[in-house]
Every structure is written in C-alpha cells, then in structure tokens.
C-alpha cells in the first residue's frame, strides 16, 4: 500500500496549534511562538493525510450566539436533571425515551457540533444518526413533549449550525 | 624427560595414525609397531637405573597449589609393566595387521590402540595419584572406543557401554579414594604417600579410602562384583581382547593394588575386601569358563578367574604373596595374550567362535594347535610352563595365609578348586577346538594363518616355555627388581625354581591337574560340555544391566516429570511461597514498625482506596468469566494508582501511569478479541472438590502474600527517611543537571543509564511482539468475525469504509471520526509539549511518546486499519531504531569532550542552546512512539488477515457450489 | 495514612497473586498487571509519603532537600512502569500465539485432564 | 475567607471521591458491561476533577498536566471498550 | 591515557546497542548485512573483553587501582550515579559472554538466522543485557539489565514458534515476570532502609544499620535472593529451565549458556558485598548450599531421564547451577577460585554442546523429533538404537568407516561428555578435581555438607556417563544414525574453536587458576572493591 | 493550603464554583447508582462532565491566577478537550448499550459480557 494522500499545510490549523502551544506553555515569548509555529506547521503537514476534511466557518457571529444559548441550556438542564436524580420532581412521572429527529444538516463538522451540544447537555444522549444523516435518534431523560424536543433541537441548534458550516 | 617421552610418544602416534588413510593397513601397523617398539626400547634402556630399588623421576610442576603436577616415576614394577605393555603392544600390532581385513578402517583402530597404550603407560609411570586417575579414565575411554570398534554390531555397542559405565564408575570411586588418600597424606605424590603407611592405616578415613580405591581397582580388573563387563567386552576385535583384556587394561587394577600395597595392606579390612573378592572371582570365573560356548568367552572368564587369583594373592597380606602376584601378572599376560591370539586365528580362519561347531583343527592348522595347546598348558598350570610356577607359589601362599588368618582350610581349598576348573576349561578349550572330530559346516575352510599372524602368539608361548623351564634365569631378576621397588627393605627371600621338592603345593597341583582332567572327562562324557553354566548362567549380566538402565531412565523420567513439572501454576505457587518463606525467615520474628508517628489519615484517600481495592478484588474475581469486566476493573484500579501517585507528589509518575493505563486497556482489548469465549455455567471443572481446595489454597497464599508485603511496606513507611542519594539529586538537579524536574533530571542525567536500558527493553519487546505476530495463527473459531458483527445484519453492515477514497467512515463512526481527527494535531502538539518541557516540569520523552502513539492508535480506531494505512505510512521500526541511535548519540557525544558515556553536554549550535539530554529524551520519545505503535498495530493487523481468510474460504465454497458470493469489504 | 497505603499494597498484591495462580492466561495477564501496580506503589512508598511537595524545584533560591518528596523512588518507579508495560504487552502477544497454536487459553497450553 | 474556600475545596474533593465510589459500585456490580464502561468513564472524569482539586488545595500547578492528560485520553479507554462491546474488535480493518 | 582505553568499560554495552539498533534499520532480506554487523560486533566485544581482562591483572600499570576499573556513567560519582565496575570476575564473565556470543552468531549464520531481522538484533540485545549485568555496580541498574537480557531471551526462545516453543516460552515469561516483581520488591526495600542503590555504598550502609532496620533490609535481601535463584536456575525455581533451553534453537541455547550464570554472578556479587556480615553469610551460605544440593540432585535425575541430547544438555545446565551454588554455599573461601574455573568451563562446554545438538539432530530420523515418548517394543535396547539385538551378527565383522563429518561430531560429542562429566584430561576434570580437592583438604571436609557435595559431584559425573553413553550410542551408532549429516563450515568452525579454547584452558590451567585465585581473593575482600568504587572521581573515569 | 491568603475575588466565586461542581458531580454519581436502566444511567454523569468540570476549571483558573499573579487560562484547554471528546464516548457507549440490550433481550440472559 503506497500512501496516496498528498500532504499540505493548513493555515488555520497552524494558527490554532500555535495558540495551543503558547497556551500550554503559558508564555508569549517570541522564541516560543516561533517554536510553536514551526512545530504546528510540521504537524499540520505531517498529519494532513489523516485529516482530509476541512471545516469552513461562514458566520463567526452566529458561533458566539450559539455558544451563549448552549451555555444557558447546559446550566438549565443540569439543574433539571439534578432535580430528577434527587427525586425532587414529584408532580409528574418522569418518562424517558428515544426521540427521532429529522435533520437537514449534512456537514460533518456541523453534525459534530450538534453532537457536542447534545452531549454537553444533560438529559440528552446521542444514540444514532442515519447513514445519510437524515435522521438523528436521541435518548431523552425526560420527554414530556416529543415534538417540542424536535423543534427545540432543530431551531435552537441545527439552524445556527447550518448557518455556520454550510 | 625420557619417561614423559614414553607416555607422549604413543599419544602423538595416535594423532598421526588418525590422519593416515583409512585402509592403510601396512603403513598404520608398521607405524604403530614402531611406536610401541620405540617405547619398549626407551623403557628397556632405563633398566640399569631401576635395578636395586632405583627410581627414575621426571617432575614438572603444574598446579602446585592443588598438588597436581606432572610427575612421571619409574620404579621396578613400573619398568616391568611398561615393558609388558609396550612389548605385548608391539606383538598385538603385528597380529592386528593380519587380523584386520582390507576393508576395516584400520587407521582409527591403530590410533585408538596407540592412545590406549599411552594411557596405560601413563598409569604405569604416574608418580602422582591424580595423574594416575587421569590416565586411568583415559584407558576406560579408549577401551570403550576399541570395544565398540565394530559399532555397527549390537553386541559391540552394548558390551562397550557396559564396560564404559562400570570402569568409569569405578574410576570415580578411585578418584575419591585417591583424593582422600592425598588428603590424609598431605600430597598426591606417591613417594610421600608411600612414606606414610603407618599414618594412613591409622587414619579414621582409612576404611573408606581403602574401600573406594579397591572398588576402583576391582572394577577395572573385572573382579567380583564388577566382573561381568569383561565377557561382554569380547565383542571387541580379538587384538583388542588380547591386549586390553589379558595383558594391559585389566592388569591396571591389580597393578594399582600392588603399587599401593605398602600403604593399604596389612589390615583385616584389606584381607577381607581384596582376598575375599579375589577368591570369589577366582571361583566364579573358573566355573563359568568351563561352560562357555564362545571360545573368547572361555578366555574372558578364565581371565577373570586368573585376575581373581592375583587379587587373592595381593589380599593375603604377605610379602611373598605379593611377589607371587606380580609373577602371575606377567605369566598370565603372556599365556593369555597368546591364547586370545590363537582364538582370534581360529575365528579368522574358520569364521566362527562357537566351540560346538569347531573341532579337530590340529589337522588343518597344526602350528596354531601347538601354540594354543602349550599356552593352555601354561594356563592350566602344567609343569615346565610358567603358569605352573606362579600357581605353585599361589598354593604355598594360600596355605601360609590360611595359617596366618585362621582360614587354614578355606583358602587352600578355594585355590585348589579354582585350579581344578582351570585345568578343566583349559583342557576343554584345547580338546574341543583342536582335537576331537572336525566340525562340520564351518563358514570358512580352516587353514594355517599367515606366518605373521602366528608369530606373536608363538613368541609369547616361547616365553612361557622359557620362563617355565628357567625361571630364575629369565624372569627372576626382573621380578626381583619389581618386587623390590614395592617392598624395599621388607623384600622376602624366595627361590624361583621348577622343583621345590615334595611339598603341599605340589600335591595341590597334582590334585588340580587330576581333578580338572577327571571333571572334564565327566563333563564331556555326560554331554554336559555344551550346557550353560549351572545356576550362574541364570544371571544374564547384560540383560540385568540393560533392564536396570531402562528402569533407571523410566524412574528418572517419572521423577523428572514431578521435579520439573511443566505446569505453570505449581511453579508460580512455589515462587510466591518461597519468597514468603524467605522473607519470613529473614525477618526471623524481628519485624517492627518504625519510630515515626503515623501521618493522619486523609479520609478522601481512604475512600479512594476503598474504591480501588474493590476494583482490584473485583478484577480478581471476574477475570475468568467476565474478562471485559475485569479489564475495566483493572483500568479503574490503575486510575486509583495514578491518583495515588498524584496524591503523594509524584506528577511524573501519575502522568506516565495514566498514559500507560490507556494504552494497556486498548492492548488488552486487542488481545481479548482472539481469546476463546467461555462461561461459568458450562464449566463443570469449577465445582469439583479438588478445584475448590485449590482455590482455597491459592486464596490463602494470596492473602498471606498481601499481608506480608503490606507488613513490609508499613515497616518501611514508618521509618525515618534515609536521605542519601536524594539529597544529592535535589541539590544538584538545577545547578549540575540544569533541570527543575528532579525526577526527569534523574531519568535523563543522573541515572540515564536506567532509562537507556528501559527503552532498550521496550524496543526488544516491540520487535519480538512484531516477529511473533507476523507468524501468528489465530484459533479457527477466532478467525470468524466477532459475533457482534455477525449477530445483526444492520450492524454488521456498518463496515467502516467501503472505499479507501472515502473521507469519512460510513456508519456510526462518522461523527466520532470528525471529532477524533480534530484531536489528532492537538494531541501531537501536547506530546511535543510534554517532550520539551520534561526537564523542568512533569513530562518527558516517555509521556510525550505515549501521547503521540495513543493519538495515532485512536485514528486507527475510528478510521480502520485499511483507511489509515492508505493515507499515511508509519515505519515504527525505523522510529525505534532512530530513537535508540539518537539516545546513544546523546550519550556518545560526551566522548568528544572526553567525558564518560551519557554525560550531559551543553551545545551551542548557531546560537541555539541545546543539551544532549534533549537528544536523549528525543530518543526515548521516538522509541516509545515506534514501539507502542508497532505492537498495537501489529495486533490490529491480525483482524486484517481474518477477512482475507474468510474471502478465501468463501471463494472455495463458492466455486464448489457455483454461487455468487457477496462479501463486505474489510 | 501509612496503614491505608500499606493495605492498598496488600490488597493489590493479594488480587495479583490470586490471579497469577489461576489457570487461564488472561487471568495471569491481569494478575501481572495488578502485581505491577502493587510493586510500583511499594517502590514509591519507599520514599515515604509526602504531600504537596513534588520534586520540582521552584524559584532560584538554594534548595532545601527536606522540602521535596524523595525523587529517587519516583525515578525507579518510572522505569519499572515502563518495563512492566513492555513485558505485559509481550506476555499478551505470547498468550495470543499460544491460544492460536494450541486452541486453548490454559497456561499450560492444554486443558487439564481432570 | 480563604479558610472557607479551603473548606469548600475539601468538600468538593469529597464529592468527587464519593462520586468515584458510586462509580466503583457500578464497576463492581455492573450489571452489564456497558454499565461498567460508563462507570469507568465517570471514574476517569471524577479522577480528573479530584486532581484539579488537589491542585487548588495545594496551590500547585503540577496537577494541571495530569488533568490535561485525562481530558485528552480519558475517553480512549472508554471508546475502546465501547467499540469492543459493539463490534467485537477495537481496531477494525 | 588514550580515549579508547578510557571508555573501554562502556564498550561491552555500547557496541551491542549500536549494532542492535543499526540492524533494525536494515531490511531483513539483507541477511548478510545483519550477519556481518553481528559478527563484527561480537568480535569487537571479545577483543574489548580480553583487553579489560588484561587490565584487571594490572598488565598495563597505573590505569586502574587494585585492578578494578570504575566507569562513571554520566560523569556522576558513585553512589549517586551509576558506575560500571570491571574487576577480574566481571572481566572473566564478559569474556565468556563474548566468546559464546561470537560462536553462537557465527554458528547461526549457517542457516539458523533466517529470517535475520529480529534474530541478530535480539542476540545483540541479549549480550547487551548480559554484559550490563556483569558490569553494573548498581542494584537497580542490575534489574534493568536483567530485564533486557530476559526480554531478549523471550524473543529468542520464541524463535521458530510452534506450539511447543510458545507453550514453553509462555511458561518461561510468566515465571520470570513473577520473579522480576520479587526483584523489584527486594531492591525497593533495600533502598527504603539503606537509602542507596550502589552496591559498594550499600556494603557500608548495611554495616551501619540498627538491628531493627537491618531485619527489614534482610527480608528485602531474601526476597531479592529468591529472584536471583530463579534466574540462576536453582531448584525448585527452575522448572522452566530444561524445557526452555532444550526447545530453543541451538545457537540461542548456546547463547543462553551464559544466561543462567548471570544469576549465579548476581548471587556471588551481591552476596559477597552485602552479606559480608559473618553471621548472615553463614546462614546465607547454608541456604545456598542446600538449595544448590537440591538443584544438583534434581539435575542428576533430569540428566538420567533425558532421552534426547538437547534435553540432556539443558539438565546439565541445571547440574552446573546446582554445583556452583552448593560449592559457593559451603562457605569456604578457597573453593571460590575452583568454582569460578568450573563456571567458565561450564559456560563454554554448554555452549559447545548446544551447538553440537544442532548438528547431530540432523542425523536423526524425523520420527522421534517430538521427544520423550517413543514407543519401541523392547525397551531394553532402545538405548542402543535397535529394537532387538541380533546375536548372530558376528559374521559381518568388518569395520564401518566413519565419515569425516561423523568423526568430527563424534569427537566433539565425546569431548563435551568428558567436559560435562569431568573426565580427564579436559578442564571439566580440572575444575571438578580442584573443587573436590579443595573441599576435602579443608577442615570442613569431615562435615556432612562437604561429603554430600563431594558425592553429589561424583554422582553427577557418573550420571552424565550413563546418560550420554545411552544418548550418544543412539545418536551416532544406531541404524537410524547412518545417514551422514551435512556439516557446514560455519557451524563446525565455532564449535571447533570453542573446543580449542577449552583445550587451551587445560594447557593454561595454571595461569587461569592463578588469575581466578586473584578474582576470588578480590571477591572475598569487598573492602578494596568498595574503596575503589566510591573513590572513583572525574579525573579517572 | 499553605497559609497564603487568597484575595476575595478568588475565594468568593471559588467557593461557590467548587461547591456547585462537587454537588453536581455527586448528584451525577448518585444518579448513576439510582437509575434503573442503562440508557437512563447515561444522563446524570453528564452533569459532572460538563458543568461540574466547568465550575472546577474556572475555580482553578482563579486560584492559579492568584497564585502566579498573572492570568492563567490554560485550564480552558481541558474544557475544550472534554467538550470534544465527550460526544465520542457518549455516542459509542450509548450505541453499544442499546445494541447489547437488544442482544441480551433476545437471549434472555444476564451474564453475558463477552461480545
């Protein structure tokens, strides 16, 4: 097997890795920055065959908004789940189950972003994604209204993600 | 130096003879004969110096501290024996020239014969007891080779082996005896030993020493109870029998007894051991000889018997008996060698040695018949032949010794009875072979042999006659010299003559002759001549030996199966238990806790270990039937270990253990795929009482081991810190080592050598694992795809990637793959971070390398082997090699500065401040990446081969069924 | 703390030894793993228990040895961890080979008769 | 106030260790392999949190690296186990 | 002094490392390159070892003090850094290692090294581990080198695979991993109590310990001792040894000849340094003695049970371990020199013998390759290579010529037997004689252990003759053996050279013995060792 | 805990954060123990993973910054890594759990942990 994949440099990656390097070393010293750039370039070049896909972010401002809404959701659902665990929900029966959500998002990075959001939010777990990404199955700890969940996911996360990645 | 030459010459000759062409009969014989004669001449030339008790000595210090020096010593007895050995040797060589056929590879024969002669001369001329043992064992070895000359014959192999085992065994006994004798006397020097006769006999070790030396001598001289090897050695070519088994080797034992006679004899123990064995042998040999069918066997048993006679004489504790013994040694050598040669001629000319097939040969071979008859007469003790004289002396001494010891009747009776049989078998030998009616269907037509073949035998017979008629003139002075060399001042007065008057011995001789003749007549008439020996023939020594051998091997085999069991569990039990026992006894009840107060328990830590301990125990319980669970539990225990390291301020350890932990889990899982499934509920073995008992035992061992190590740990933990090395390391890490992370400075500088060894271990493991896995053969049921992938079609369809051109996995791994690929460069950057900062903060090459390797492995996990390897090519072996070389280079640079290996050097190259330590750590990094990737990927590749096999299988099935096959791509 | 620490070592050792004496190769493998934890913690303990003072030099003042955990056992444990990892890996590979060649995962390469 | 903070840190550490203990119970009892894997993941995360707390409590940055490493690779063991459970092999062709 | 001489003690480690690493870069198809590197490396090691040997005898004056060379790895003084120490004993062991290694690698080139890739590298790493173990003056570093040599040996044992090898290999690995744990525990405990790892320093530190601390340290030392005994192949910790040695391919088994002696060396080295205390060393001695005697006895039983040559030779390794341990356990200082002589001859003999098995096994029919269970109707005669002997075979009394190849093999076989059995005049005899004579002459001779030792040694010799006469006759003289093997020069040469070395050892026995007496004297005078090691400073690396 | 006084801007939010983080994690752990089925047990630990970790990391940033007298934000990295890796774990684990459940239901056994 001859390696077929070509190698190339990805500037975004180099930048990100250099940032990472400086963060790790907790410094802004120029020689460290230089070392970081060199190392980042080398790694970017060396591993480019294993990373054939590249994400392109179209609307950076949406990212910030999305991050903010996710953060609030995470905090909210944390407490919601805590209440359930501690048995503080007496007024109704907790009904957990699988929910299928039709998806329009196709970009792999967008889907990955969705996965991160779903996972980071307590109470929802990613179960399955159809091979063509047309359907997403989630397990939801406290399904009160299935359709509400579908709407929630599609509006609050899928749309912004599509705006960012597609 | 002449003495040394006498011994060396035959050995040198042996080497030369070995190099001669295989079948050069004449050349080899002439050469060997010349060597023998040269030795004889050399020995003879020393006669003037050994007369009158003179001794010739050659002394070469060699290992004086151990008392082992080259010391050749020739007294009268030695001179006589040297002459006997060389002269008869020469005759045997001449005889062998004719005896061996054109096809025989004679070079080997003469080579061993000369080597034997050298060894024999070595025994005779040794002045150092250890040196004597050396040559003694050499005669055993060379005789083995000579007996087994016709190694393609089964009898030759069996006989040779028995002779070897018996004589070598005797040799070991002799060695010990001699060692003890030397210890008593303070030297192995015969002169010194001989000078301390009184001291030796009074020493508490005397009995054991005597017994051991006698055992050695008896085994060599084929004396009871070791006599049985000699008849079996008759499978040797006849020249060998004539030489070794009449004249030379078997005489070594009695020679030794005679030589040590002054120190060892004169006690009851000596009499009982030596005389007793001799008497028994005399009778057993004689009786047996009377009933043998093989003419060589007759001679072999007669040899045993005559050596018994000599031994008996030696055991009688009388000086005159000693003289008689020496006299009979010489006489026996002459007539027995001659008889063996005659027997060989008969076999050579007729093609058989079976006495029942032979007969009347005096007509076809009159000369041979004459020679053999005269020799047999000497053997029987017929007057006017030499055998008569020594036998006469033997009778006289048996009477004397009987008087002396109170066995006034037994000893003469034994002597006479032995002689009766001696006459009988001599008569039988001559009568059945040369007289009587001619044998019928002989393999060859008998005729007189070539002169050269008969000559040696005839010469010996002539000697018998001469000595027999004129003893005082011929052998007298020589015998005197020999006896004098042993006895010195104790030399008795005796007279060698044919006629001593009408004495009791003469009477005994008469009884022997008459009795023997009558016995044979009765035996012949009654048709018992061809029967096996009554009673004694029941014991087939060879068979007993072989059976004993087989029993020994089997018993040893059974014992070895227990003593060296191949089962692993007992071995591990032993190791653990012995360690416990060793620790327990070393402590010897002195365990004590140290003086330090306990540090207060952190409940968090205790809770942590509550979890950790539960996990460890869980792993122990689950490991058989729930392997996955056990792996998980082990992993959790590992994490608790990591936290422990972190807790007690060992960040480097925690980092390393953590990365190792991750890789180990993956490794175990990769392995788990190839192990058989099996279940608690279908394992009946679990429930047997034995299994329960075993588990209980192991549980106890485990508990005790745990308690023991905990006790040791506690004892050490409560003792004050011993600050030796660490103070130095802490104080010097920064100023001398140039690093803030002391552990790292130790690893790459103070004790870099350990790290160096450690990466070597990792490299070796990687290449070994790779080599094993390359030829790995999975078990048949594991070749199938895992059940999880077969169970449900929809899941099984989720093969990773159909096409190498695909950029993402198709199925469930699609999204994870995106995320994991995001991680790759990050992980790589972190690995570099750990590598480069290690010297000042936790991290280092090892952690960095493991991070990098794990990052790559994860790509395999989400991408699949085929896809990853179609995109990128990793050469782990090159990484390993480069790593090792980099580390070595980091160490070797120091040499340029004149510093020792692995001394850290600061280099300033183009303004960059670099240290060889970094190069070294880089080497570690490369090795770790290479090794981990090599092992894990080699394991992962095993799954690659199974679909391939599956395809092949399916292909063959398809062709046989002629159906299309659908196959998921692997 | 010393008692907890010693008990931890004891439990790990006992579990490891128990597994070491089991008949299945995988059990032995895990036993060796657990034993190596035990020995590593044991070696580490020989530097005595020190809290919060990792052997990493801070500042540029002259160092006081009493202020740092004993670094020597830590270095030894590092080497031991690596070697244990390597040998465990090798043992795993060999047990797989044995399983492949003999068809059993019994440590003796054949199922016991009884 | 520092004392309060220290107490809070101790309390948090206790919470994390207690969570590990919960996870250990799941690890021990299962009942299923997937439960154990999940518990191991929880074990790892809380181990990391414990390390971070150790760092806070001992005013040391040395624990950061360990936490970083767990964050980076804690998931590897889990996904390997999950993959093994799901597919029967960790690295597929 | 010149640079090379200065760094000489490091070369036995650096050379195999570099060559082993370089081999990993060479493709396995290029067998000749591997072989060349391997041979060159070992030849270089041999010359280095011989030079070191010469230096220990103060042949070159003013280089080393007390004939002890100390090399400070990393430039750190003992006890802080790791030092390599070359004294006479180490020099001798290095020489033996290089000799056997060189012979094995040349022998292997004949055809045993296919595929070459891991083989030659592993052999280099094995010698690296062995040399390191002989050289290092540091207890933990000793562990590391033990691991190197063991791990390399695992790979070499598994060479050729097959169920039998893998089975044995797994057993071997498991036992050694368990014993490595013990090693670690022992070393750790010693460090925990004495606070040092340098063996010379340890000698001083142990002497200063409080009795209570000493007890704990001795427990650690005892556990360490068990680990050493496993490596030394002492019964009942050596069940792995006969199988492992006999199933390994001959060059590997030959190279292993030195391996079990590493354990003995460790016992000797650590024992004389740490167990200097009189009371402790007496107990240690008596334990060693009884363990050695048990090993000797078990080895004798094994020898007698062996039906095939490799297994026999493997058991002879056990016997030699037992003999050495019991000799050293007698507690007689005078025995050490003869014991070392025995050790040397035993290593070379075993190496030669194992290589011989590779050549003779080819003469046998394939039928009985799988060893110890061969059904033959009349078991008596199995030993002679026939079913039933033919009593009337007398008529073909014409000798059969022995082909040169057979003659060579037979001769080497006989010599090896003589060496193992201790038959004169080869050095095996000199060694055993020297041992026995020393024991018998010493005042202890009247003691039971002395006599037991003496008898066991003699019985082992006798058992050797019994077993080898059986095996040898079947091997060389049975009907099955009539096929003449093809003798390869590459195989025969190292065997012949080792044989010649042994002959030379006979001739030069006085010189060798003198050297070894020096070695023994320095072993029993740890003071000089300790002073030299701890005094070594930068100017004299 | 070495006696150095921390400023209020660390201790006040720090106390809140670590207590919250600890409680969240603990509740997650309790949930792990209490919930009846695997799929439901998947949810509670997420609290510790996300918000719990986040709280502790922020507290750690504050404390480190105070300790080193400069802003320390490299804990951010841990957050990023957790967020990126957690989905991988969750997806595979959930899937495995669901699959095993199906297999187990089909077989009606409870002991089988081997694939």
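Here the chain labels run A, B, C, D, E and F in written order, and each chain numbers its own residues starting at 1.
Here is the rule we use: a contact is a pair of C-beta atoms (placed from the backbone, for glycine too) under 8 Å apart; a residue touches a chain by one contact, two chains touch by 3 or more.
Quick caveat: nothing in here was measured; it's all calculated off a predicted structure.
**Q** When you check each chain against chain B and chain F, which touch both of them?
**A** Common neighbours, chain B/chain F: A, D.
**Q** Kindly work out which chain lies most centrally, taking the average of its C-alpha atoms as its position.
**A** Ranked by how close its C-alpha centre lies to the overall one, first comes E.
**Q** Taking each chain's centre as the mean of its CA atoms, which one is most distant from chain B?
**A** A
**Q** With centres defined as the mean C-alpha position, give me the chain C-chain F separation in Å.
**A** Centre-to-centre distance between chain C and chain F: 28 Å.
**Q** Averaging over Cα atoms per chain, report the distance between chain B and chain E in Å.
**A** Here chain B and chain E have centroids separated by 15 Å.
**Q** Please tell me the distance, in whole Å, between the geometric centres of chain D and chain F computed from their C-alpha atoms.
**A** Chain centres of chain D and chain F, defined by C-alpha means, are spaced 8 Å apart.
**Q** Between chain B and chain D, what's the gap in Å when you average each chain's C-alpha atoms?
**A** 59
**Q** Touching at least two other chains at once: which residues of chain E meet that condition?
**A** Correct list: 140, 144, 147, 151, 154, 158, 161, 167, 170-171, 174, 178, 185, 189, 192, 197.
**Q** Mind pulling the chain A residues that touch 2 or more other chains?
**A** Residues 20, 24, 112, 115-116, 126, 128.
**Q** So which stretches of chain D touch two or more other chains?
**A** 13-14, 18, 20-21, 23, 25, 30, 33, 37, 39, 58, 62, 68, 72, 74, 79, 83-88
**Q** Check the chains against each other and report every pair that touches.
**A** Pairs flagged as touching, ordered by label: A-B, A-F, B-C, B-D, B-E, B-F, C-D, C-E, D-F.
**Q** If we count contacts the way the header does, which residues on chain B are in touch with chain F in the complex?
**A** Residue list for chain B touching chain F: 625-629, 677, 679-681, 786-788, 791-792, 795, 812, 815-816, 819-820, 822-823, 826.
**Q** Provide the residue numbers of chain D that touch chain F in the complex, in ascending order.
**A** Going by the criterion above, the answer is residues 1-2, 4-6, 8-9, 11-16, 18-23, 25-26, 30-35, 37-39, 41-42, 45-46, 48-49, 52-53, 55-59, 61, 64, 67-68, 71-72, 74-75, 78-79, 82-88.
**Q** Touching chain E in the complex: which residues of chain C?
**A** Per the touch definition, chain C meets chain E at residues 20, 25, 28, 32, 35-36, 38-39, 42-43, 45-47, 72-73, 76, 79-80, 83, 86-87, 90-91, 94-95, 97-98, 101-102, 107-109.
**Q** Give the list of chain C residues in touch with chain D in this complex.
**A** On the chain C side, the touching residues are 51-52, 54, 56.
**Q** Under the touch definition given earlier, write down the residues of chain F that touch chain B in their complex.
**A** Residues 81, 84-85, 87-88, 91-92, 95, 99, 102-103, 111-115 of chain F touch chain B in their complex.
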